[in-house]
Each structure stands twice: as structure tokens, then as C-alpha cells.
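Both of the next two complexes hold subunit A, though its partner changes from subunit B to subunit C.
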Partner chain A sequence: MPDKPEQPQIDPRTAWERYRPTDASPWDVKKVGHLYRRAAFGATMAELEEGLRAGPDRTVDLLLQGKPDRDNLLGVTAEMVLGIPAGAGGGQQATAWWLYRMMYAPHPLREKITLFWHNHFATSNRKVNNAGYMIGQYELMRRHAQGSFRTMLREMSTDPAMMVWLDTNQSQRNQPNENYARELMELFSLGINNYRRPGQRNYTEQDIRQAARAFTGLRLEGGRSGFRANQHDDGEKTVLGQTGRWRPADIVRICLEQESAPYFVAAKLFRFLVSETIPATPELLEPLARRFRESDYNFGEMLETVLRSNLFFSAQVYRSRVKPPVDFALEIVRGLQGRMGTTALVTVLEGLGQRPFYPPSVAGWDAGRAWLNGQTLLFRHNLALGLTSTTDDRFGRRTDPARLARDNNVRSDEEVVDFFLRLFLQNDVPANARNRLLEYARRAHNGPVPVYWSQRDAEEQRVRAICHLVLTLPEFQLS
Partner chain B sequence: MFTRRDFLKTGSSMVALGGSVPLFLNRTAAQAPASDRPGGRDTILVVVQLTGGNDGLNTVIPFRDDAYNRARPTLRQPANQIHRINDDIGLHPAMNALHGLHQDNSLCIVQGVGYPNPSQSHFRSMDVWQAGSTARDLPEGWIGKALRNIPGAASFHLANNNESAPLALTGAPVRVPSIRSLEDFQLRVEASSNRDRQSLRSVIESTAAPSSASSGGLLDFVQRTAVNTFASSRRLEQLGRSYQPRVPYPNTPLGNHLRLAAQLIDGGLGARLFYTSLDNFDTHAAQALSHTNLLRTLSDAVSAFYRDMSARGHRDRVLVMTFSEFGRRVHENGSRGTDHGAAAPMFLVGGRVRNGLVGAHPSLTQLDQDNLRHHTDFRQVYAAILDRWLGVPSRQVLGQEFRPVDVFRA
Partner chain C sequence: MRPRQQGGWLAGLAILLVTSTLRADAPGDPLRFVPDKANAIFKVEQPGKIADLFLNHELSRQVRAIQVVAELYDSTNARRFYQLLSYFEKQMGMSTLELLDKLAGGGIAVASELGGGAPPVLLIVQGKDEAVVKKFFAIALDVAEQELARQDVKGGFKKKTYRDVDAYGFDKIAFARVGDAMLLATRSNALKAAIDCYKDGSGSISKVKALADARKALPKGPLAWGWLHLEPFHARPEFKEGIKTVSLQPLFFPVWPLADVVERSPYVAAGIYQQGQEFMTTVRMGSGMKGMSERAALLMPSAKEASTLPLLKPANTLASLSFHLDLGRFWENRKKLIPGKQEGMQLDQLEKASALFLGGVKLSTLLKQAGAHHRLVAVQQTKSVYKTTPNQPIPGFAWVIEMRDPEFARSMETILRGAGLLASTQANLKMVEEKHGPHKIVSYRFPEDRKFGNDTGSIRFNFSPAFVKSGKQMILSSTVELARELADLVAQEGPTRGSTASTHWQFYATGGAAALRSAEKQLRTQYILSQALSPKEAQDQIRQLIALVERLGVLTIETNYGAGDFRLDIRLNLDHAREARD
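Showing the complex of A and B:
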């Protein structure tokens, strides 16, 4: 079922210009929440209020640069890597480790964009079977997450996890394996069809076969990529019209000279950061793609342009993505200021359909509506219960809405309802939904409780229940 | 080979539809296959994996063969206790229930099943069977791939504790859930009383209701998914309360899994594919008692499931398939057990199967490294199930053409 374009008229000339608050589109807490959902893993109440005071420019600055790493989380987690078994068996820990960084690292945008790249270069430990390689690839993507796409693409060709995933490690001079060459063009840089002229193919099977010859000779040696000249096909290859004795870096260069390349990457960023419902037309992407090429594929610059743009803060873009499972879980924990281990979340996220380091295929996660079905929606609601209750063994008492409410001096039923609605949905829900929550609170206030509960037990239970209800609102499934 | 990439190119509209249609709901008319072709009766497949390598030779037994008696000095089963399928071949004494299905014309035994250059690694061989391929890398499962062609079909992994979804189910357009009980599908709340529970659920359900006519937007999609989900969840809950099996199920984990499958099928939720496993077939030592118990567990549970389904009018819709990653060595070892082997039989149980033996028992004297040689590739059995039972083109799943074994009645 195609999404109806809600407001099809978007002017590409002004879409990417810098957003300035106006009377019609003021800077408000909804926009802060929107920004933190897309460019981080949700906001705490303090971040919402601070963003509201600081305005769009300074809030985007903060997200782009990250906060000072006061707790040395990057250093501590970098040491934790040493404890993860490098080979088989470290997969669960590797995922938990990255989730921990997403949740607590001082630079959530960087982790988020690294997750974007993980979806782009989707590599699964199911085949790689080496947590060390997976984390190595993560480091590569994180290093370049807000930097040069050209450099990242070049380094990806010799990334150990990628070499195992797409078989360059096995590629023989006389029988080149085409797996990497194909995905380099189809999924990493160009796409099958020309972005501006959809009937036209970007490359032929012949181009793939020729390019595959350039990637022969790569070998993993002691966990690092090496080059064996005697396994490399040193002959002339003709790829996308250019003839020479090409090596891997040449193929990357040739791909990035193609007309489609900047559009292809811009479109992926658009779907990830801007909207799953607005069509990424060539006209709309043109200003981004042109600048991306002119800047020699400076991805960080394009990212900044998008995050500061009119379109990003527009009504059409607001809540126009289905919230991915990782975001769903982390927004709750971050919002509740929970301090918890992430191992239990790995299993839960697998059930919700998004386990980092284990994408379903080289094409990444389908995302959008594919995230939600009868099972995953129930699992989401039950995860929200697990995180807001204090009796779920998996998560313990580390994320307690009652404690958070107490710390924020939130007491009456109405205050509790509005506090959690603001924290998670910036109060942007139908009046009807708020009324039902208030009604529930009133009813619960007067209802029976087990005889051994103290007054305080009953109050805290009510706060947790209200928080759970807020997290089951359909609006919370959107980003 | 049919890849995910091909699928995304050609079938993305199906994926989108599969994602938006709540899985529990009956399939819509548009998705339902015509009733005059395979899959048209909403056919159901239940795969029972025998984990560890089942001793096929002591399951379907060539009891008249002297070579059998020589190869199994301590483990051979007495001829007078074997449940005869014909004058030469019979079932292990513990499988009287399965033999009863044979007498009811509902048991097909495919003998001598395997694949070329068989691996004797549990892991590798299990991957081969689950992927339906002998390729070096096996990222996707045969059922997961099949599900791409029947995107509206609900499917379930009936899991043992702490068992994650098997490779066989990966690659499906919507992740196949591992479930242990109907409670997994309940909308849980934490309440201070029964009234509070009602009231919490009612808030969750009422705030999810779409406010107006369909806008086609994302919020509308979430709301509709939610409303359908809650309806299905309530239905499953009632199912749990109202369902009474027509025949008693054995109180074993496998019995409970199949009973759960029966509940889901009988609930009319569009559930068509089930996957479950029975472990501990790796009988290297003192296997007589443990193997007997395993075969009884299998036989009793499958038989109860089939009889329950038949009594509910699903006789011609169900098919149970068993497999193991390999059979075991022909000659028993010095520990009264058997080591890893190769070819083995598969069982197919259902109202539409060809009753009796398919293919000869492999020779016990012409061996390959002391193991039975296969004459039927397991993918020929898969091909029959895909093409003729589920209505899924087997070539798309298996990557090449396999001649289907004749296991169904015309």
C-alpha cells in the first residue's frame, strides 16, 4: 500500500536551506523531540528543556559535535572490547557492547550515523563469525561516519569483516568471485538503475565481471588484509568505460565518478534521516547530491545540511518514519535515565527484528512498515512493560519511572500524565488519549490494591502503569 | 540462485503487504491461492527436527537382513516386536502409535535420504538440511525462502527453552517468532487487581483506535496494526481457555509444542508453517534405552497431533515432516552406541501422503566409508513439499531443479 504523499508540494530550492523559527513554524519542544529522535536515541527531560532554550542552531551544533566524554565512556568501552571473544561466540557480547555505546556514549549522533552505515554496508556476523572483525568494521564506519564517504568506501574494500562477508578473501585470480564487485555497485555506491533516468542501468554484468578481477589478490593474513600479487589479476580491465590495470581503489574511484553515486547515497540518507513516506525524487535530492559531489563526497557536510534544513523540521517530515526497534528500546531507557546492562536487550531486539551486527542480508533491514506486525507490536508493548516495571528479571529496577517522577517532583495524577507525555511525545497526542490516561489514573487511585501494599507501593505502581500506557500510544511507534 | 536481491526487485510490493497485514489474521482473498492448485487448501506444514543425528537404521528396520543383525549385536531389535510395514521392513517397537497411522493410510516413509559428499559435522550438516543447499555459505533457510512466496502465511517456531530461531526460518519477509506458549502473544500489563488489569487493557486498546476514515498514513497504519493485533491476541487468549484436544497428548515438550500448533491451527489464524525440534539423538553410547524413549516421544506426539487435527476436520490440510542432520554408522561401536553416519529415512504424516515405503532400504553391505549410501536427495523431498503441497516453486527456494519424490496421493 503506497503512502499517500500528505503534502506533495515541496520546493527543492528552499527545502535544504537553513531552518529559521517563524510564527508559522516556531521552535518548540516538538521539534527538539523530533531532532533527538532522528539525530540521537531520544532525549532526556533535561535535554528537551535545554534544547528548547538553546534554539535550533546550538542544539544541532551540540549533536554534531557531541558532549565532552567526562566519564571516559569511549575509553572504558574500548577496553571492554578486549574482553569479547574475537572468534565465534562473541556475537552476543559485540551487539550488547555497541548498544551500550549507543545508549551512553557522549556522541549519540555519531553512533546513530554509524548504525546508518551498518545498514548501508550491511554485514552480518552470522557469516563473518568473528566479533573482532565486526567491531573492527564498526570502528571503520564510526571513524568516517561524519567524514569522507570516498575514504570510507575505499577502506571498506579491505575491511576484514567485509572481505569475509562478500568473499574477496576467497577470490581467485583465475576465478574471481563477483560478490563484492556486484554489491559495491548495486548496494554501496550506485544502485541498479540510474537515479535520474530510471530506465537506464548503471552498469552491466560485464562491468561486474571486470571489476571483480580488480579485487583479486586480497587476503586476510593474521586478521588483517594483505595483498598477494601472485593472486592478483594484473591485466587490463574495462569497467564502466574506463580501461586500465585497475586495482581496488581504482574501481572505487570509477564508481564515484558515475552520475548516480551522489544521488544514491543522498537517497539513503534521506530515507534514514528525513522520511520514509516522502518520495526521494531526483529533483528534491538534486541540491544535496550536487553539493555532495562538489565537496568530494563530504558526507558530514551533507548530514549537517539535512539536520539544519527547513524540510527536516517541516510538518511533512515529523513522524514520517516507523521507529526502528533499536530506537524504540533506547528511547525508553534514555528517557527514563536508566543505567543498565544491554545484554538482555540483544535477545529482545532480535525478536523485534533489528539486532545490530546481524542484518538480515547485505541489503540491510527493510525498515518502514516492515518493522511492525502483529507480533512485533505486541513484543514492543511487552518490552515497554518490562522496562517500566520493576519486577522483570531481565531489566531489574534500573529504569524506574516512579523514581524519575519522584526526582522531578512530579506528584499529582495530572502531573504524572503530563510529565511522561512530554518526555516521550512532547504532549503531542490527541486530547482524547490524554483524557483516557487521566481517567485511568483516577480509577486506579480509588481501586483496590493487595493488602500488603503500602500507600507508596500503590502510588508508584500507578506511575509505572501510566508510563507504560504512554509508551503504548500509537504515536510512540513513529519517529 | 534466487536471492534476497531478486526478491526485493521483483516482490517488494508483496513485502510491503506482508508487513502491513497483521500476521494473525486470516489471509485476505487477494493472497489466498486458488483452491485448485497446491497450497490452495491452506495446507499446513509442521517440520519436526530430530537433533543430533537419528539412528535411522534402528528406526525403520530391515529386520530380515542378516547384515542388520550382524551390524547390531547388542542394539538389534527383536523381529517379533517390530511393527511391520511389509515383510522385510518395520518400525522400531516403540513406534506403535506411528504404526497405527500407517494402518490408517497416513504414513509415508522415504528411505535412503541424504545428499552428495555428506558432512558428518552436526553443525555443517544441520545447516545443509536447514538451508536446503550444499553451498559453502548458507545464510538463509529453505522455509524462510518459501515464506517469501506465501507472505501472508503465519508461521511459528515452537521453541524449547532458550532456543533461538533456526537457520531454516531465516530469510522470511517477516521474522518468524519463536514461541513457547500462547502467553507469548498476550498483551501483558502489570496490574494491582483484576479490575485494574481490565482498565489498563482498555486504555491501550481504545487509544490505539483509528480516529477517522483511513488516511493511508503511517499513524493510521500503526493504529490498524494495533487494533488487529489486540483482536487476535484476545482471540488467542480465549483459544487457550476453550481449546480441548480431541485426543490426549503425551506430556512431553514435543507433545506440548504440537498441541500448541494444533491450537493455533484450530484458531483459524492463518497459521501454516511450524518448526519444532526434539534433541538428544546423538547416541554415541548406551543408546538402547534413550533411543527407545526418543522414538516413543516422537511417535506418540506426532500421532496425537495428527489424530487431533483429523478429529477437527483438518486431516487433509496437515503434513508433518521429520528429518535429522544425518543417520548413524551401520555397525554399532564398542560402547553400545553408534557414531555419525549418512543416509536415513524421513517420515511424512498426513491425510494426503502416499502410505507406505518410498524407495528401497539402502544396502547394508555396499557402504560408503561404513555409512549407508543415499539414493534420494533430501531436496527431492523438499521439492515435492514445496511444489505439490505448499504451492511454492521449488526452484526458487532450492536454486535448482530437483525431481520431486512421489510422496503425495494423486
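Showing the complex of A and C:
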């Protein structure tokens, strides 16, 4: 990441207040682009211009509510699930199916937050080996993506994919499996250490063992979760100081009653939407966490607060994250207004390190700087080339920068360079980057062209090459 | 002048002139450039006809109408290729097909010397008109140099002259024009050897006996053919080791006779043919039953018995296979066939323990009672005993075994009933016995009112395992519907007349189309995910695909071991589809 000039301190009292454009921090196309990168999968030129006109409140409203589903995409894709092998063979198609929704569904924020929850609950089809279960878990997370975290966590405890992933399916009275109980506390609701009291742990090994007894007896029957009373340990358990004949929903309730729970979830959202580098201190998170608890874990409300906040639109947060692979690929396709299938993207994204439904471990993807290394950067450049050259058989001419430029009446070299810089980087690049692009265009004008090419071939080739170069600028790797 | 009287001999003279002109102008064989050390050749004899089939055949047109293929034809690379063709047409003043005839009408050959590291490859395009070839070569060179310049490749082509031939090089690639032929090699030495071969007029591959024999063995008039000289490989330790591995590995026993032939044959050759609506690929080798090792011959039918029984073709057949394998003879000769001590002991142990898991029947008894003729069949099921429709349809399949001893049926029934009993306790399977004409069919069903493990897609309802005896045939089927149909078909066969083919396969496009129809949901999802089509567009594409598959006719594969040769014939007959439709 490029070095940034020293930024002012963040004031927790005003950080989560609603952003209002000022002379010092005006509402401009950079902020529209920032909002669409974080809260969606990038913007088209029309969305950028519309966002600029509409202002922050209405643009955030639009993202929170989604657009009308005029093409019945949700209905069509729901029906498509019937064509995906439910068992072991459907993994590739399941990933392609979700990418398809991310790319074309009218509510990209909901898909993005579902991806956030997928990384939170980090269930992998590598072990689950059942596309039907994975899509079922996706539906659960999508349903509650902007709703009640409490309900989602409760339902997650009996979700078939989760039951296979963390072995509650095999947990029985005389041999309770501790995997789910451990991850429920460590990764799903509390974290190891107390946010408010440094050095204090949130739970003990004894709490995990006791909680695990509450999850015994859960079984998968005909693809749904069931309960076998004879396999359930119905005795008294003491979990986090509360004693009773607890069942799964009770353990979820007890976890969410802990002081750390709202901080833990707020911190995760902070790292996903705001910054991976700014420390998520208890003071900074306190207003969010307090309200989250007061709202009975209404995640949608916390999400809205963050998206409308001063901090979200601040200079400290702008381009402070490395763009995840899914965002990288989808932003290009959406920006170019491509109409392409997603099957070919599945393997590409695996090479880039992020294949939905296949997180690497229970902790999810490492994210941040881990997304980039010599190999993945080369793969990103190759993907950008494949999506802009129109000579890659996987994508063909479905994402053609030359067509987009033509449709937008963009002709001269300067117009082409500025068009793609605005579309993908909102013109926010150092002056020498723009100069180098113009220099390339000038050289390409005078370069040799095969005799059988038409004038238009040469022009289109130049436009595609410029677009590719824009996508390989360091700034495009950042979100 | 008495034209009417002179007409006959004038016409005769004209024909003579034309044929003599043709003879005088007949292009040379591109193989005259191929040195005799080459051991692999692929030659396209009729490039014009292949191009014509590709462009104008009804099937080819239908394939191009499928959107995913149409998109490839409309890709930027394809567009540039067509632009290049147009450029050549304009510069040369003739159409692409005319140009192809002038440039490659004498055939296109690729030769190599396989068997050691990265093999050299030589491509020869034999033209018919030297002036046209010369002009084309110069233009193509110019275009290629421009492309290198566009891609910023420094240096361009390096020109050298070898034995009065101007040769060009780029990286390791070398190419040249020699009279009416164009040559391209992956190494400059290979190009030099080709020029030497041509200039010296000796040492050409055409004189190699194994090639001449192979060309005689192949039917006349191929569109293209290939040849691999096996003799140089026979002495190689890695080849011997490979054959030995296959021949000693018990799991590979069905291909032991084939390995035996490969070990002895001087060549393997293949040709591609087209006659009307039939396309054929045939593979030939120059050795057969004569001289076959005793061990391999034990797996072949004896001279007095038929190799394979007729194929079974119930409704919506996807594939049907008939083959010969005498399990009784296999068992009796097991010590010769599987000479390893350890494997022998394992077989003896299996025999001792077999009665335990075969319901009291010994393995040796079962194998001796079974006959030598087997038939397998796979069908697209349209009926089911279940009300529940599985999410993923799985074709029905069956194994039909000829019985040498009628006791085989009793033995099998004991075994299958035992297995069924075990399955019914594990999976709640219900046994059903039914009378079907003169036959008694035993089948097993899954209950529809109970959950079953993690079978979320109801896959189990693709199966209702069944068995039935019909005449001398025992039928084991994955579904009771198929068992019923096969029992009727087998009963109608009467005394069966076999074929000499050792294996006989057929794949039926009509069955394939029925399978596609039953998988429409899956196909629609795949189409939308891969091409971002609307549901209606996807449905249209599926219809087109099914219509295309329906027209593919019947694919037949046959293997034959003659006394002195081996043949593998693969035929695609498009007329069969028409007959079926009509």
C-alpha cells in the first residue's frame, strides 16, 4: 500500500455520526466509488454519475434497500438451484451460482454482507461435500444478512452444513464433540480475550466442555437437522456462570449476554467495511457495540450506522484495504457492463486465493496484505488481460472495453484514458500515471499494425490495452 | 467433318489428354521429404474435402448454430483469422477453397521421430501450383514479420540458404519453400534432413516396408491417416517393461490379447473415412491370433464358438455392449493366467472363503456355471415404480450373462436373495416378486415414506434392483422396468447367432437425447451459469442441443482379431438417426 500522509486522530465521539458533505470533505465521485467498492462489487459509470447526483443519503439508501428485481433474478436463480447436484459433485456450480448472484442480483450489498458472514462462519465444502447444504447455509446468512444476528446465530447452530463442518452431527451424550462449542465462543460470538478488560479471557475450557454437552443429540435426517433425545445430554451444565439443563438455543443466548459479544461482532464488521489497519479500540467501537446490544443485535442497524458515518467516508479509511479477489474480478466485469457467465471465474478465483464456499480454515480468509504476493499479483494482471483483451476464450467478447467506450462516445486517446480512470479509479491517480497511459496511447498510434487489420481493429486494440493498463495500476488493487 | 462419328474417339482423346495432364501435373507425395528414420506420420490426403465437410456438412452447420460455438466463431481471434483469409484471398485473387487446393491439394503431412526427449516435428504442405505457392509464401512471410514487429519481437526471421533453398528461422522454428511444397520444422536439423531427403531422392520413409504394409492394410481413400512404426520400439527396454506390466497385472486382463498384438505388430495405423452419412475411423495392426501367446489366447474365443452375441436394444438405449469372456476357462487356467505365487494364494483363499459371502455357493462353481457371453446395456428410463422423482436422473443399466449351466441361475438367485435380505435390514428395502409373462422377476424397492441417510436429492429412487432368468440368459438390472423389457427382448431372440467381433459397442444418439431431456434442469443451470443466458435463451439452446444430439445417429465400435491382423473400427452413422426419427 502506498504511504499516506499523516492523518488526523479519530474522535470516537464523532466517528459514527452521520457524514455531511463539507468544503473540506465534499461529496464527490471518489466517495461514490469508495461506497460502491465497500458496500457492493464496484460501480458502473451510470451508478457513479447517479450517486454523485443523488448525494450520500440517497445513495446509501439505494444500497441498503437494493433495486427492484425487475428481471426476477432471485426467482430464476432460486430455480437454478434445482439443477445443481445436491451432493458431492455440485461444488463448482454452487460457487458459480453464488458469484452469479453477486454479479447480477439487484441487491449487491446483501450479497456482500452475506460474503462477510460466510467469512465469519467460514464453512468449507471441502469437508461438507454437499452443495445443497452449502447453498442452504448461504440462504440462511442472506436471510439474516441485514437482520438479527441473534436469530442467525441460533439458526446456524442447527444448520446442516455447519453440523457437518463442526461435527455436531456426530456429537452424542457419552462423547460430546467440542468443535462447535469452541468455535461458537472463539470465532462466532465472543473471541478469546475480553475487549473491555485486557488480559481477561472470555471463557474457559470448562465452559467449552459444558456447552458441548448442550449440542449433543443433533442429527441430520433426510438433509435436515433433527434432534434425538436419547443422544442428548439432558443434565445440568454450567456455562459462563449460568447453570441449567441447557439446549443449543440457551448456549447462544448465554454467549450473547456476555459483555464481549457486541464488541466482537462490531470489530469484525469494522475490519470488513472500514479498515484492517486502524486499531479497533474499545473506545472507538463502544458507540457501535452499545447500540448493537440495545437493539437486540440488530445487525442491519449497525451496518447502516457504519455506512453513513464520518469515519467510513474519511481520508483514513479511503483505499486502506487490499481489494479481495472476488471484488477485484467482479468490479472489472460490472464496470465494463459485461454479460458473462461465472463458471470460468471459479477456477480463476481459486488461483487468486478466494473461492466462495471454500474458505481455507475455520478462521476464514487471512485477507489484507495476504491477498497479494508475486504469484497472485501476476494472476490478477492475467485476469485483467483476459477480461479486457476479448481474445481469451473463457470470457470472449462479453467484457469488451472498446464496445463500452464506443457506447459512451469516447474516442480520442485522452478521452479513453480519462474514461477508464474515472470508471475504475475515479481519476484519483498520480499525474504521472495518467501521463504514462497517454504516452502508451501515443506510441501505440505510431506502432506497426498487421496489414489485414482494419483501422477500427487497431483503435479497438488500443482501447482494450489502455483499459488493461488502468486495471494493473497499484491503486486498483486497493479498496 | 462427321462430328457424330468422330465424337467417340475425340472424347477418348480428350479423356486421355486430361488424364495425362493430370498425371503430369499430379503433385509429388509430401512423404518424399520425410527421412526414413521418422517413426510417426499423420497425413491429410484430402484437405479440400475435409474443409468442405467442415464448412458445408449439415451436422457442422448445426454445431455452429449452438450459441457457445457460434460465439467462438464470432470471437476476436476468429474474426482476425477470417480477416487474414480475406486478405490472402484478395492478394492471391482466388477463394479460400481454391487457394487451399492450390496450396495443399497434394496433402498435408506431419512426421516425427518419437521416443527420445522432445521429438522433432516436420510439417509438409504439398501444393499443386508452384507459382501460387511461391506468391503465397512471400506474402505469408511478410504478414508474419509484421506480426512479430507488432508484438515487439526483436530480430524478426533469420534467412539462410541450404542447398539452394532459402530457409527462414525464428527461435527454434525453421521453414522453407521447396518448389511447390512448404516445409516447417521445430528444429533446423529436421528441415535440413527433409531438404537432403528431397534433393538426394533417397532415404525417404516411402520405402519403409512397415509403412507400405500399413497403407495396404488400411482401406482405400482415407481423408487422413496416421502411422506409428512399432519395430524400433520393440527393442526398447521401457516399451518391453510397459508391455510386461500390462500383461502381468491381473486387473488389465481384458487387454492382454491387445498387448500381445502390440508386442508383435510392426506398426499401428489408423485411417479416417467418410462415405455419405457414415464416418469411420479404423485402427489396424499387422499381427493377430496367429503367433499369439498361449496365455493371451486363453482369453479369446475358440475357433468354433461365436465371439459376441447380438446387442440388446431396449427403448431409449444409451449404450449397448457385447463381449466375450469365458469365466469358467479363466478359473480353470488361473495358474497359467495369474502365475504369481502370492496372487495364486489369494485366489485360493478367496475360493475357500467365497461360500461364506456367496450364500453357500463357491466362487469356482459360480464361474464355471457362467457362460462366456456377456452383454451390458444402459438406458434412459422414462418409467419408474416410484412416485418420487430423483433430482438427478441416473440411467438404468443391466448385465445379461449367458448361462453355461442352468444351475447358474439357482446359484445367482441364492446369492442375490442373500444380498437383498442384508440390504433390506440396512436400508429398509422391500422385496417384491412378480410374474411377467413366463418370467419371475425379483426386485427390491426403497420405501417412499421414510428418510434415507443424507440422500437429499432422492437419488435412491433411480434404483429398484432386479434379477430375472430368461431362457439361457440371466439378467441383473438396476431397475425392474429394464429387467421386464430385457426379459421380453431376450425371450424373443430365439437361437442367437453371434458375430466374430470380440467386443461390440453401440452408442445411440436417440438415447443420449432422451438422457439430455431428462436432465434439462441441470443443463439449464449450466447454460445460465456459463453463458449468462436468460432462462428462455437457455431453454432454446437446450432444444438445439437435443436436436443436434438426436441427429448424431449410432456410434459403433468393434474389435476383431483376425489370423494375421487386428482391427478396431469406430463408425458414426448419421443415417441411423434419420431412420429412427422417420
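By definition in this document, the second predicted complex is superposed on the first by the 472 of 479 C-alpha atoms of A that agree within 3 Å, B and C clash if a C-alpha of one lies under 4 Å from a C-alpha of the other, contacts with A are read in each partner's own complex, and residues count from 1 in each chain.
Quick note on the criterion: a residue touches a chain if its C-beta (ideal position, glycine included) is under 8 Å from a C-beta of that chain, and two chains touch if they have at least 3 such contacts.
Being a predicted model, the structure only gives us computed values, none of them experimental.
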Just checking: does A:18 make contact with subunit B only, subunit C only, both, or neither of them? Give me first, second, both or neither. neither
State whether A:222 touches subunit B only (first), subunit C only (second), both chains, or neither. second
Quick one: classify A:366 as touching subunit B (first), subunit C (second), both or neither. first
Subunit A residues touched by each partner, larger count belonging to subunit B or subunit C: B
Output check: A:97 vs subunit B and subunit C. Expected answer is one of first, second, both, neither. What do you get? second
Touching partner for A:58 - first (subunit B), second (subunit C), both, neither: neither
Touch test for A:391: subunit B only (first), subunit C only (second), both, or neither? both
Kindly classify A:450 by the partners it touches after superposition: subunit B alone (first), subunit C alone (second), both, or neither? both
So in the superposed three-chain picture, is A:67 touching just subunit B, just subunit C, both, or none of them (first/second/both/neither)? neither
Please report the subunit A residues shared by its interface with subunit B and its interface with subunit C. 389, 391, 447-450, 453
Spell out the part of subunit C that touches subunit A in their complex, as residue ranges. 71-72, 74-77, 80, 83-84, 86-87, 142-143, 146-147, 149-150, 391-392, 451-452, 454-457, 459, 521-526, 528-532, 534-535
Of subunit B, residues touching subunit A in the complex: 4-5, 8-9, 15-25, 137, 139-140, 164, 170-171, 173-175, 177-178, 185-193, 195-196, 199-200, 203-204, 206-208, 211, 215-219, 221-223, 225-226, 228-229, 232-233
List the residues on subunit A that touch subunit B in their complex, please. 1-4, 6, 124, 126-127, 167, 186, 192, 276-277, 319-322, 350-351, 353, 360-363, 366, 368-379, 381-382, 385, 389, 391, 430, 432-433, 436-437, 439-440, 443-444, 447-450, 453, 458, 461, 464-465, 468-469, 472-475, 477-478
List of subunit A residues in touch with subunit C within their complex: 71, 76, 79-87, 93, 96-97, 100, 104, 130, 132-133, 220-223, 339-344, 389-391, 393, 396-398, 447-454, 457
